[in-house]
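Before any comments, here is the structure.
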Amino acid sequence: MNIKPLGDRVVIKVLALEETTKSGIVLPDTAKEKPQEGEVVAVGPGRVLENGERAALEVKVGDRVIYSKYSGSEVKMDGEEYLILNGDRDILAVVEK
Amino acid sequence: MNIKPLGDRVVIKVLALEETTKSGIVLPDTAKEKPQEGEVVAVGPGRVLENGERAALEVKVGDRVIYSKYSGSEVKMDGEEYLILNGDRDILAVVEK
Amino acid sequence: MNIKPLGDRVVIKVLALEETTKSGIVLPDTAKEKPQEGEVVAVGPGRVLENGERAALEVKVGDRVIYSKYSGSEVKMDGEEYLILNGDRDILAVVEK
Amino acid sequence: MNIKPLGDRVVIKVLALEETTKSGIVLPDTAKEKPQEGEVVAVGPGRVLENGERAALEVKVGDRVIYSKYSGSEVKMDGEEYLILNGDRDILAVVEK
Amino acid sequence: MNIKPLGDRVVIKVLALEETTKSGIVLPDTAKEKPQEGEVVAVGPGRVLENGERAALEVKVGDRVIYSKYSGSEVKMDGEEYLILNGDRDILAVVEK
Amino acid sequence: MNIKPLGDRVVIKVLALEETTKSGIVLPDTAKEKPQEGEVVAVGPGRVLENGERAALEVKVGDRVIYSKYSGSEVKMDGEEYLILNGDRDILAVVEK
Amino acid sequence: MNIKPLGDRVVIKVLALEETTKSGIVLPDTAKEKPQEGEVVAVGPGRVLENGERAALEVKVGDRVIYSKYSGSEVKMDGEEYLILNGDRDILAVVEK
């Protein structure tokens, strides 16, 4: 992956949303905001805190994650659809295999 | 539970809302925002403070909690309905058994 | 009381609002926001500051307090009406007996 | 005065607004926000800073103060009208006798 | 001047706005926000920072200053019109004689 | 380049947007906000943190970057179009060659 | 120049906007916000940080700068038009001669 996200951003590969995803997570179709599933392909160094340190992100490349729908910026590369998300704000959880 | 919440997020199992919940808590039906009851199934490491430390969350797996209605993101897994909440902001109290 | 409030939250028992409350405080009926009176029944550990410490709340169980109307979340238990408030923001003063 | 304000709050006794107040201050009647005059009857311990200290308030009981109109919560006690104000935000100045 | 401003507030005497003020400053009448000129008559101790220190204000009694129009609270005393301003936010510059 | 950006600002040269950019990145034409590609030509010293340090920016002159559309201020020089962006907020990632 | 700006403010002399300014910078006339050019004539001491230090401004008297249009307060003196700007927020870059 030749996109290197900056700060607390993360690049994820959007996973096709079957009704029941491979990991058994079903993202219900209620009107409310439906979180999405994707795979982490690149992780930024984390945001800079007011004491000058960086707050490393918890996710790593290869993690399967649940993230808030309608977040991030779309980027397409070699036919794949990617999203550049804000790691702290948009990614809710990691789905352990 | 194979969902690992990030930062100050918490995954709870939504408890069916009888008028009088098992713990004797009745969440009145007034127009005002009615808090809900649920059980904690996974807890994140807490948010990062500006001094770089993490502020651990007060709740633990198994706690029965009261949380603000209309908060969090819905996720369904193995037929159960879960919510991914913000621990500090959305969870109001623990109901001691 | 088996509700344990989190962070800087406080559980109070709403006191029936006679025109002149037992402590001599009259909460006038002007259109403006009328503060309310209640009794503290449970106190959270306080909010976490950016230096990692907790800012303990000033109120304690048994205190009679004045709080901003329309604040907090309602919870009913064993026939009594309780409110879960934000201690710092919603509670204005303690009424000394 | 048996009302003990919390945090950076202050209880003041509202002074009847003659056109020229005893201290010579005239609070003009222009459409713009007209500050008001009152006397401090109780002072809170001050707000908690992010380093855990409290920022003591500058006013003391007995001070005659000028405060922003339309601020605070009304409370009546023993026939007197009081306001619970935010000391830092609502009180503009002390009028020296 | 018997008004003692609190925190980062400053009391100024509003200078009559001739087209060209004594100091040669002309405050153009364009529709845009026109800054005003006044003289400092009392200065507060400055705002409290999160480390507990006070940030002293840069202006002193007697300074002729330029401030943003429509800011502050009006107070009249002994026939003179005064404004209680926020020193950091409302006062733009000192006009050196 | 004789424009020296201040604080956490960055000057970039806007790259003409072919459907598939040289680096293989396709910025899809969906209604959603489409990030853009550009080349860094000047980098500011970074923003000042509350502890007085500067948070250096991650990008350097020559980097090919993806940035949020509709951000920054346009400047034209010697026939080339440049944008002055906020490095932390507007630049999402570096595209490695 | 007898205007001494306070805090992080800067006084600039507005440069007449020819289509191509002397430094070769053309500020395009697109509908989008067009930055402006001016010369620094006075610089404030910088804003006070939460640790009590001042964050000195990067610009100095004589610098030719690019700033966001529609920012600052207008002041006219001795026939010249000046703007009092917020140094950190409104000034984007220095144009090196």
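Observations
So that you can tell them apart, the chains are marked A, B, C, D, E, F and G in the order they are listed, and the count of residues begins at 1 in each.
Methods note: contacts are C-beta pairs under 8 Å (C-beta built on N, C-alpha and C of every residue); 3 or more make two chains touch, one makes a residue touch a chain.
A quick map from chain label to UniProt name: A, B, C, D, E, F, G = Co-chaperonin GroES.
Computed from a predicted model, the values in this text were never measured in an experiment.
Listed here as common contacts of chain B (Co-chaperonin GroES) and chain E (Co-chaperonin GroES): no chain. Look at where the CA atoms of chain A (Co-chaperonin GroES) average out and do the same for chain D (Co-chaperonin GroES): the two points lie 50 Å apart. Distance from the chain E (Co-chaperonin GroES) centre to the chain G (Co-chaperonin GroES) centre is 22 Å, each centre being the mean of its Cα atoms. For chain E (Co-chaperonin GroES), the set of residues touching two or more other chains reads 50-51. Contact ring, oriented from chain A (Co-chaperonin GroES) toward chain F (Co-chaperonin GroES): the chain order is A, F, G, E, D, C, B.
The residues of chain G (Co-chaperonin GroES) lying in touch with chain F (Co-chaperonin GroES) in their complex are 23-28, 30, 32-35, 49-51, 53, 55, 58-59, 66, 68, 88, 91-97.
Interface residues of chain D (Co-chaperonin GroES) facing chain C (Co-chaperonin GroES) in the complex, by the touch rule stated above, are 2-7, 9, 11, 42, 44-45, 48, 50-52, 73-78, 81, 84.
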